[in-house]
Every structure is written in structure tokens, then in C-alpha cells.
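Remarks on the structure that follows.
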Amino acid sequence: MTPFDIQGLKGRRVKDRIFTSMVWLLTFSCLAVVFIILFYLFKMGIGSLNWALFTQGPKPVGEAGGGILNAIVGSLMVVVVAAIIAIPIGVSVGIYLAENRGRKLSDYVAIAIDVLQGIPSIVIGIVIYIWIVKPTGKFSALSGSIALAIMMLPPIIKNTEETLILIPTTLKEAALALGASYFRTTLKILLPAGIGGIFSGCIIGIARIAGEVAPLLFTAFGNPALNFNVLKPVDTIPKVIFAYASSPYDDWHRIAWGGSLILVLFIILLNTIIKIFESRWKVQF
Amino acid sequence: MEGTILRTENLRISFGDNNVVKGINMEIAEKQVTAFMGPSGCGKTTILRAINRLHELTPEAKVEGKIFLHSENINEMEAMSVRRRVGMVFQRPNPFPTMSIFENVISGFILNGIKLKTDEKNEIVEDALKKVALWEEVKDHLKNRSTSLSGGQQQRLCLARAVAMKPEVILLDEPTSALDPLSTAKIEDLLYELKGNYTLVIVTHNMQQAARISDKTAFFYLGELLEYDDTKKVFTNPKNEKTQNYITGRFG
Amino acid sequence: MEHLQAEMDALRNEMLEMYKIVLSQVERAQTALIDNNLSVVKEIASNEKLVNAKELQIDSRCETILALFTPVAVDLRFILSALKININLERIGDIADNIARMVSHTKPGFDRALLEKINAKGAFALSLDMYKNLLQAFEKEDTLLARDILIKDEALDNITDESVSIAEEYTKGHPDSIIQAIPVISIMKMVERIGDHLKNIAEEIIFLRRSEGT
């Protein structure tokens, strides 16, 4: 080793070790936070996970027990309807953006999506209130779904676009060279090839809106009774968590913890699904 | 020329301000292999892709002049029907990754919405795979993903996919440049056999390949057709000095 | 590489034809001289055109294969040897034609006793023997047979060398045969050159196989 190598070697080794340790530490603390939250959630919520939580509606003030069946049903309805609205629109816009890169219109659409993503959820809620709830004169799960659908669009569109861009053009060319129409090429070749990424985008969208409260305050509003009608107001899990947690009753706090746990478990489930299917549906080019 | 199947009339192609192809007049003979060769940027691939109108995927591409398939003007026909009659094999093997080997062979029919009965499908697949000497290797794994095959096999699968549509012309854009020498030799033998029944137009960077398998060779340079003759003549006694410089490697 | 193989097979066939055509020319020359058969001379003359055409055909095919297939290794060596063998065979054909011409110009025919003494028959027989061995060596790619030819060529050279002094002796005793002596010696020398060309071809065949250890 020449003198130039030895010079400062010790100092560099020390710096290296400090840096590596810091990275480790910060990562660890990040994970630690997540685990602490989950742990606490489990600790507080596991006690309230009983049959009643899932099968009963709320009991009147003062009575013990009760559940959040109405909120569970409400959440499912609102999320499913939002997905039904948002997925076809989102995927189509994603396809448009992927196929028309460089056009002025695509640029404008992309900017619009970015802006949409940044709009606070409460604002979307208010807008839907003015567009739909006020003219029709009633709160409904449907109006809530519309608000949520608007919020779902950006992740779906972005994921669809990015997935499709990654598909080599040569695949599209091969299909067209066989005489296929643009429509059939997209449907039978491009979408199946991108199904992994598109599916992830949809699940991410769902995960995003599953825990939202603000946009539903003036749209779905809330409903202590069990309701399967989309044209009527419904309660959702995040909303009842908020309502019960801010109440003075211990019993209701317990239910709020249970609801929180369910919600978080649901999000974890969604993320697991993404991981499983993404690798299963991974297409090699 | 006798038995002409493709003919260009003052074909010019430009991308924006860039004139890539400058007035080509040529006739391509039926049931022969015609090779397009020339240095990078000479326009050979551009012309090839204009024959099945794939240039339309590039928005700035402009084609002037005429290309005739038999006596029909290609640019006045429906793009999709041109492409059904003129097949293409690309540089990198591109079988459809979400389809099985079986489905890939009949993908042309699937993508055109043509319904086939099961025995028709089986017959077409077996026939096409036999034509590309792939049948024996894959006949027991037809349901496997097409991406499970090796590069050379995938390219033969793409050839089978084109052949299954019974096209009148097959265009090949440097079909072996991504393959190893053994696979390349196999495909060259295949093309030599196929030319009895199909017209083949092949763009190649590898002039030895052009010499080995083609009947006629066209030499392009900077968008112009400098020489177009029987392959034997081009490689033993070319008329144009630039052709000679190119094939002897004395270019530039 | 089927295409290349088809061309190489065609070349091989054309060479075999060349061998055979030229062989029959040499046989005819022998008939002309030894049996004093002049009708054969016309045949030789007309077949000479065929020999030339065949030579051009083989040259053209070699050129085609080299230009289109850039052959290497055994294929390349075969083509290069084919070109050399081709030239040698064509020369042999030429020589046979010249012998025939000489025979037809020498009237009323050669002195039989002289021919006996110089062993013209033996010389021809030896050269034809060499030729047939060569044909076999080519067909079977047999280098041992080819080496045999080199040995036989030495024997042929001996015969033709001796023929000069024998002819000289003979003309001393038969002065009228002097006019014939010169063309006869020429012919013997020509037969020797046939042997030389056959030797060249044999060397090509050996060279072709040398690197393969056969």
C-alpha cells in the first residue's frame, strides 16, 4: 500500500461505520413506530373483537354491547360502488395517457390528475354535496361513492399508465402486424400483459379511500340503521370510529378500538393481496 | 419483371423534416427471397415497415408515392387487411407473453375475431409449427407459456404465428440479429425452405446472411436504391462502386 | 446449412464429371496412338469443347460458393483444391487433344516396332492406371491411394526418360524412322506431363486431408 492509501484510512473507516449505523438506526425506528402502533391497536382492539361487533347494530345510549354491522355494510357498499365507478374510467384514462404520450391533450390531462390528487378530501366532499346532494335533496351512499371514486382516480390512472408504458412497443406492433384492430390489441394483448400493475393500482386506490371520513360527512352522511340501499345514507367504519371515540362512554371507546383494528387489518389484507398477485401475475417480456 | 408481387412507385418517406427515403422504384418478385441491405440509416427498415403500414405508428411519418400489392395500392386499402396479407417477423422475438404456445400460433385469428372450430385450430397449429421445424420440440407442451422457450425457439414461434395466417408476403426485420449462431443457421435454413411457398423480404445488417439466403439483393444508401440485382451478381461483380465498398467492408 | 451443402454436392458432382470426361479423352488418345485409330481423333476434338465448358462451369460454381457462403475450414480447402484440380484436369484434356493431333498429322502412322521398343503402351497404361486410382482417391478421399500415385509417377518418369535413348538407338538402325522419332518422343513427353498433372492432383487430395489426421 502506498502512503496515499494509508492517509486518512482510519478516518474513512470510522465515517463509514457511523453512516451505516445511522441508516440502520433510522430504519429501525421507522419500523418500530409501525410495530408500536399495530401492537397497541391489537392490545386495545382485540378485546372487542366478538361476534356482536360484527353482527349487531349500535345499541341505544346507556345499553352495553352492540356492534358496528351497519358501518361495516356501509363501508363495503360505498367502497364497492366507488370501485365500480372509478376502475373503468381510471383504466381508460390510463390507457389513453399511455398511448398518446407527447400530445398536448395528454399533458393537460396529466396535470389535471396531479391537481386532483392534491385536492383535500373535504373539498371533494363539499363539491359533491353541492353538485349532487343539494339538487337531489338527499344524502346517499351513492353520492359518497362518487366522491370516493374521484379520489380513487389518480392512483388507478397513474398505475395503469406506468404499467402500460413499461410494456415493450414491439408487443403492440406484433399484434397490429397480424391485422388486429387497436381495440382488440388493447383488450387481448396490452391489458392482460399489464394486469398485475393495473390491479395493484386499483387496490391502492381502494386502500386509499377505505379509511376516509371527510368526503363522506356531507354525502353519505351517516345512518345508525342497517341499510342496503345505495340511494340512502349510510355509516362507514371510519366515521363511527370518530363518533364513538369522541364520545364520553367507555363502552363506545371499546367499540371504536375494535373498529380501528378491523380497518387496519383490512388495509394489511389489501397490501398482502397486492404482493401476492403482483408476483403471480408478473409477465416476462 | 415476371411474377411481381410488390411494386413501389416513387416511394418517399419522411419523418417531419427528415427525408429518410428518397424516391424508390422497385419490383419484388413472387416466391423469392429479396434482401434489403445497407448501412444504418439508409432507409431499408423504413421501407419495409411502410409495406405493412406500420409506419403509421409514428405520428410524424409521411409516405408519398405508391406501393402496390399485386395491383392494389396498399395505402388506399384498409390497414388491417393489408396486414393480414403481409405478415411480419421482428428483430427481437416477441411472442405474446400472456398466451400459451398454442394460442400464440393462432393469435392472428384470435386478434381478428375469427372463430375456429377445435379441429381447425389443431390443424393450423400443427401445420404452422411443422413448417418452422418447431413441432417436434413443443408438441407435448403446447399449453406452456410462450416465454418458456429459448430465444431461437421464440423467433420460430413468431414465424409460425405469421405463417399460420397464410400471408402472401412475409416481411422480416433483422430476424436473427438477436439470436446465437446456431439458432440463426436454423432460421436461415427455414427461410430457404419457406421461399417455395411465400414471398420473403428480409432486412439484414449481416450481408453474409443476405448472400447466403436471398435470390435478389437490394443495396440502399442514404435513402436511395443504388443497386438491385441477382444476389450472385451483386456479390461477385457489383455494378455500383458504393455497393462494392460496402460489401468488401471498405466503407467510410 | 442445407443451401451450402447442396452447392458443395453439386460441385463435387461436376468435378466427378470432369474427371470422367478427361479420362475418356486420355483413353481415346491411347487408342489413337496404340491402335492407330484415326476416327477417334475427331471424337477427341469435339469433346475438347465439352472439357472447356466443364472447366468454366466448375470455376463459376467455386466463385459462387466463395462469394455467397464465405466457406471456412474443410469447405474452403475443398474449394481451393477444386480450383487447382480443375486446371490440372483441363491441361490433361489439352494434352490428350495434342497427342491426337500429332497422331493424325503423322502419316501413314507410327512404326509399330518403335512404339514397342519405347514401351508407349506401358507408359499409357501406367498413366491410365494412375488416373483411375486418382479418381478413386478423390471419390473416397483416400490419401494412401493418392500417395501410391506419387510412386507410380516416378516409374512413369523412368519409362519416358529411357524412351529418348531407346528412340535414338532405334533410329540409328532404322534411318527412315527419324521423321517419326521426334513426334514419338514428343508424345512420350506429353504422357509424362499427364503423369505430372496427375501427381499435382494427388498432392492436392493429400493436402486436403492432411489436417484431419486421416
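Here are some notes:
For reference, chains read A, B and C in written order, and residue numbers begin at 1 within each chain.
Throughout what follows, contacts are C-beta pairs under 8 Å (C-beta built on N, C-alpha and C of every residue); 3 or more make two chains touch, one makes a residue touch a chain.
Nothing here was measured: the structure is a model prediction, and the numbers come from that model.
The touch graph of these protein chains is an open line.
In this assembly, C is the chain whose CA centroid lies farthest from the centroid of chain A. Chain geometry summary: the mean Cα position of chain B and that of chain C are 50 Å apart. Centroids built from CA atoms put chain C at 93 Å from chain A. Chain geometry summary: the mean Cα position of chain A and that of chain B are 47 Å apart.
Those residues of chain B that touch chain A in the complex are listed here as 52, 54, 57, 59, 80-84, 87-88, 90, 92, 94, 96-98, 107-108, 110-113, 147, 158, 161-162, 165.
Within the complex formed with chain C, the chain B residues making contact are 185, 188-189, 192-193, 208, 211-213, 231-232, 235-236.
Interface residues of chain C, counted against chain B in their complex, comprise 1-4, 63-64, 67-70. Residues of chain A touching chain B in their complex: 102, 168-181, 184-185, 188-189, 192-193, 195, 283-285.
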